[in-house]
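The following pair of complexes shares a single chain, chain A, combined with chain B in the former and chain C in the latter.
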Partner chain A sequence: MTERESSDQLVLEAAEGISAEPITQWDLFVTRLRRHRLAMVAFFFMAFVTYVALMAPLFTCEKNVTFCGSGPIQMSFLTTLIMVVVAVGSGYLAYRSFKGQLRGAGTALAIVAVVSVLFLISSWGIIDLPHINHYADQLPDEDGRILVNIAPRSSLPMGTDDIGRDVLSRVIHGGRASLAVGIVVGALVALLGTVVGALAGYYPGVVDQSLMRFTDLVLGLPLLPVAIVVGRVLPELRILPGFLKQGAWGIAVLLGALIWGGLARIVRAEFLSLREKEFVEAARAAGANDRRIIFRHILPNAISPIIVQTTLVVGTAIIVEAALSFLGFGVRPPIPTWGGMSAAGAAIAPRGYWWELVFSAGALISTVLAINFMGDGLRDALDPTQTIERK
Partner chain B sequence: MPEPLLDVEDLRTYFSTEEGVVKAVDGVSFKVNAGERRGVVGESGCGKSVTAMSIMRLIEPPAGEIVTGTITFDGRDLLKLPEAQMQRVRGGEIAMIFQDPMTALNPVYTIGDQLIETILLHQDVSKSEARDIAIDILGDVHIPHAKNRMEDYPHQFSGGMRQRVMIAMGLSCDPKLLIADEPTTALDVTTQAQIMSLMLELAEQRNTAVLLITHDLGVVAGFCDTIQVMYAGSIVERGSAVEIFNNPQHPYTWGLLGSMTRLDEVHRKRLNSVRGAPPSLINPPKGCRFAPRCDFTKQICVEALPILRQSPEGQRVACHRADELDLKNLEMEPTL
Partner chain C sequence: MFAYIIRRLVYGIVTLFALSLVVFVLIQFSGGSPLDRLKLNPRMQPVIAQLTEQWGLDKPWYQQYFIWLKNFVTPVAVQPQEGLMVLGRIGIRSWVAFAAFFGVIAYSIGAFFVKIETNWWRTYRAFSILVVAFIAFWIIKSRIVFSLNWGESFRGDGAVWDNVFGAAGNTFRLGLTALAIALIIGIPLGVYQAIKQYSFFDQLGTTLSFITFSTPIFIIGVMLQLILAYQLERWLGMKVFYVVGMTSSGYESLGRGLLGLPSLAQLGDIVQHLTLPAVSIAAISLAGYSRFQRASMLEVMHSDYLRTAKAKGLPRRTIIVKHALRNAMIPIVTLVSLDIASMIGGAIITESIFGWPGVGRLYIGAINAVDYPTIMAVVLAIGTGVVIMNIVADILYGVLDPRVRYD
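Moving on to the complex of A and B:
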């Protein structure tokens, strides 16, 4: 199919049923995105993962009952109600925006923002309120013996680990650390990379040169060794606020400060080309100042690569955090992370206890894959000039 | 005699490139009165646009620099104005319309947003008042259903409509001077005529002075009161539209007119053209810059740079031989 035909078809598809309504860029974007099946699957998978991770503190586990009653997880009526309301509400919003009834990327951003805030608030909880760390509870049987290394079965879908903790609960809670790192790093990288790239691209000469040479310097740092060393030193620093010293926060800020360089280069390139466009000249001729031109006139035109690159950076960040935790330099036990669980699982896997390794690594791999597919889908949908279509 | 609205005195704008300093505008002086419509004509690269950009102070260092000169607008020297005040002048008192309406509007905002933004930048009005002003001005530039079209994005407009929007944006703050940089070059001929008559109508209504930059003599003829012809960074001839068209004094103007198609004349021969190409602006020839391409070159032309002076016919011309040449009655040699 030629590009022309395919874009005509897109227009037709978007126009279906709303013939008198104008077709907006958002409509076209949504249509293209919906055609990218892998990306759609990835989106729903990530929505599911995020949702489960978000709601993790609401899962309760009754102690002193073998295998926690009928299963490892029981929910109170209130918990169930909150979960249903949130699920139905966000599902409805998502449905409406994908039908094109909600206009503008602003809506999508609002949803993402609300979810992120909710998530960050609740993950603050697992770090600052250790009393809800029931993922650390060891499961005893009727005789009070700890059930270690129980293979997966209907009541314990992912079995227990070598000190008797429920692997499913820990995988769910481990997702919180991974996603927290992903979101914080994503936000940090989007902020740093965009600001540095925008300034460098807009002001040629000294500003550009010094910012980009600094970017080169940061990009030149070997990621893992630096993260390990700094991560080791961070908890010793007295001046840091407590939440940065432990858990996922410190790691996230550290990684964010190390991997914004790629985005900065991309944003700078966009700005270099956009600042020469006539509409920028026109804005200047209309009396707009630099700040206004940068943020209101150029930045919205450069938003596509920023979104795509940030999505991909989130995947990288989750992998690096897992690698750090695997090596023992990341989030400290007993807070579960997929990387840490993989390390523990790898230690017991040779004895035949494969489940902890398989389920934690599986969760990690599928999440990062989904994020990368999302990035792919966004890139295809946001770039109208790209002709290769993936189904 | 009243103070001119715009008084440009000995403007020199140079660009530094790897090959050397390009003297894009080299000693240009002119005045524009309030309400006057001035045409600036010349071929590509003769400094028309750079003159306009210099007036707006849109020349960006370090690449380009206004080396000398004064630009007095409404009693103030624009070149000495602090940047913050200059931003109030741009768009508020001097507005600019660009060549390509397809790219001069920001693709990610509705035209309503863009109009309102300009109005809010320069006028002390509320957002809803700005909206009303924007709708009014869209109506003034003859955009049908102005109210509904406020919500449309630039890609939903045709080229001519977009240029109307640009004009609306330019005039929304009632500027005293409108600089139109080849406003019709990107449009087809029918649309060109519509846009020019619209600009004429609005400029007359509001008594806005217009600096129309173009290489299309046909556009200038119907629109401008006065015309200045530029060549290689300086003005070679200036006068009223009638003078320039009926009695060109400079061989370059004469050549330009001869190379124009006219509806009121029957052409049996090939159109004429001015031989050669404009000189390099890095090391311009010592004498008259047009001398290498001129059909009437003499020794003095190669040796001395002619200055702009009053000719007996009334207009000002920069040519050593303007007095002796009778270009009006000279038949042009067709160049093949």
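Moving on to the complex of A and C:
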């Protein structure tokens, strides 16, 4: 991959049996991360959840090919295209990384960005999925009766809910809302928190004071009460474009706008201390302008708390979205979400129909758990001063 | 220090102002109206017209906002009530007795751990101040009869001020119990984990708290209901825990204890209702406290002055309790004060699951009915709590840790 080695060097290496390949920070990071077993499991689990959520239209369709027997798969052209691109693209990337050809945080970020964008486009389906939302999925038995509250069995691995919809299909589709909220909130928080924190930390005085007072103000807002009000009025706000009113988008933007404050404080603190370091002075002496110092010199050194905090915020956002949907102020009922399904499942669970609650709650908990473990692993792996003690 | 507090208070007021404006505008711009339900009935036309004028719903939103704001901060005189009124349904005397009871327990626990403080008054002083402030507040509220003009509820259930403070008493009962559970279990747990770092118990505790920390509070609440209420009842054939409300319907007939205290049967009834919601709120805080306490304890345990203490040959118990724990508790105090504020948020979910008549349920009901005087009152009450607890956290941090300076 690296072109700079001349053939002479390669010959030299071959002769001496050593590699001149430099060990970068990225390599160290990957090595440390690999050692964190739980975090690796969490990463693979999240990859699995994301893939399943992305490919939801494949697994569940009008007559539920995979789980219920008969009927054609019905997919839009767009969905098919996206699925093919994602499958081919991620397969290619997996191959490259397996061969050890992928290097550098930049490439990783590019992968994340590509997958996120594809995911965002494909989650467009959250807004309306008639076969999942509107009871077309009900399963009549031989006598033509609707099978409601069917316990899990081989043809219906998670049973059906109280109006006869397949719980497995809905759990798969419910993941799209949670993951969309997680990704949008993560992106918003990383962007807002970093920009505000960086500006406040780098420019002392008026900029710092005014930005931090604003941050304090946002942090002072009680999260859940405000989120409930906004969730309640969101579908009715006349000034909003349609896609923000329904589905998870409005909720995601709202949560992102409410919880970036913590990250901004952390980034500011990092910038305050890094600003005084010698390497910044050196960069300034070499004639670098402010933009270059902020983005090329200070920000890469402050990246680890940003990544860790963002990961944790994603977990929080997924929980808050689920809580909102549970209370009925998040994504509205016919659209499946894990929180909303937990609420519906909790209503029928006392009568012995435990499966909807258990499977939706289980999906929610394991996803948040995986994200938190990822955060834990990243925190350890991103800390270059850490001596490796744990196995 | 004084200037610092004043400045923080000013920022706090600005925050509350912004909060009220945001929420008010949001409610105004939503399509809903408190009169929507009346509009379904054509014969209600004159009533709608009258209520629209009475509540000022026909004015532009900014006028409505200023009218509301003016009223919101205006004190009103209220008829003096008969005697000292109640917090929830329990008389003020019993609250004093409760406070003294829990105070003695807290003191004994503290004395057990610290064991050095011979001047009990010094240990007790902070607590006494809290108790006195608490009693004074309720006397002021019920005797001198102070009230702000927070308006009438649009749902026709009386003055918003009374509703909010009645519900706040219930929420405090729930929240303080949960806090007590979380502290009494969480902190010793964290200390023990830190002392036995990397032992089996430590790993187990870390894993469990990680899982609890990742579980949404409503799942904990619902699971507790299913297992400890419904399933236990099925197995034992009798009700152990209740899932709805604060007391049973036959609460009054369960006898009367001394001094306005609840009788033993009534106390049992209260505990049966209180346990599940309190535990579900406590679980998440508990996980947080034990993790935090473990981390801060570990940090202190590796510090130089502890090595000195060890080198001096002090007994291990003295080192841990007297030297390490005291310093390791400093961050916890801040965390707890911030947590009290966020507990109110958690209580919104728990209260709606367990039908607990507190602030959270009042809020959900008001939201559903677009009852904006109540919505605004609850949001601002919670916001005030958050602002005050933030300031308290910062001040406490400085009081407990002399290295912290205010600028």
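Here are a few things to note about the model shown:
We take it that the second predicted complex is superposed on the first by the 319 of 391 C-alpha atoms of A that agree within 3 Å, B and C clash if a C-alpha of one lies under 4 Å from a C-alpha of the other, contacts with A are read in each partner's own complex, and residues count from 1 in each chain.
What we mean here is this: a contact is a pair of C-beta atoms (placed from the backbone, for glycine too) under 8 Å apart; a residue touches a chain by one contact, two chains touch by 3 or more.
Note that the coordinates shown come from a computational prediction; the quantities given were computed from them, not determined experimentally.
After superposition onto chain A, partners chain B and chain C are found to sit side by side with no clash.
Of the two partner chains, neither chain B nor chain C is touched by A:Val171. By the document's definition of touching, of the two partners only chain B reaches A:Ala283; chain C does not.
Contacts of A:Pro300 after superposition: chain B is touched, whereas chain C is not reached.
Between chain B and chain C, the partner in contact with more residues of chain A is C. In the superposed model, A:Leu188 makes contact with neither chain B nor chain C. Of the two partner chains, chain C is the only one that A:Gly315 touches; chain B does not reach it. Shared-chain residue A:Asp216: touches chain C; no touch with chain B.
Once the two complexes are overlaid on the shared chain, A:Gly205 sits against chain B while remaining clear of chain C. Put simply, the nearest alpha carbons of chain B and chain C end up 12 Å apart when the two models share chain A.
Applying the stated touch rule to the two superposed structures, the chain B and chain C interfaces on chain A have no residue in common.
The touching residues of chain B, counted against chain A in their complex, run 56, 58, 62, 84, 87-92, 95-96, 98-100, 103-109, 117-118, 121-122, 152-153, 156, 166, 169. Contact residues of chain C toward chain A in the complex are 11-12, 14-16, 18-19, 22-23, 26-27, 29-32, 210-211, 213-219, 222-223, 225-226, 230, 341-342, 344-346, 348-349, 352-353, 363-364, 367-368, 375, 378-379, 382-383, 386-387, 390. Residues 213, 216-217, 220-226, 228-230, 232-233, 236-239, 315, 319, 322-323, 326-327, 329, 339, 342-343, 346, 349-350, 354, 357, 361, 364-365, 368-369, 371-373, 376 of chain A are the ones that touch chain C when the two sit in their complex.
Contacts from chain A toward chain B in the complex involve residues 22, 24-25, 204-205, 277-279, 281-289, 296-297, 300-301.
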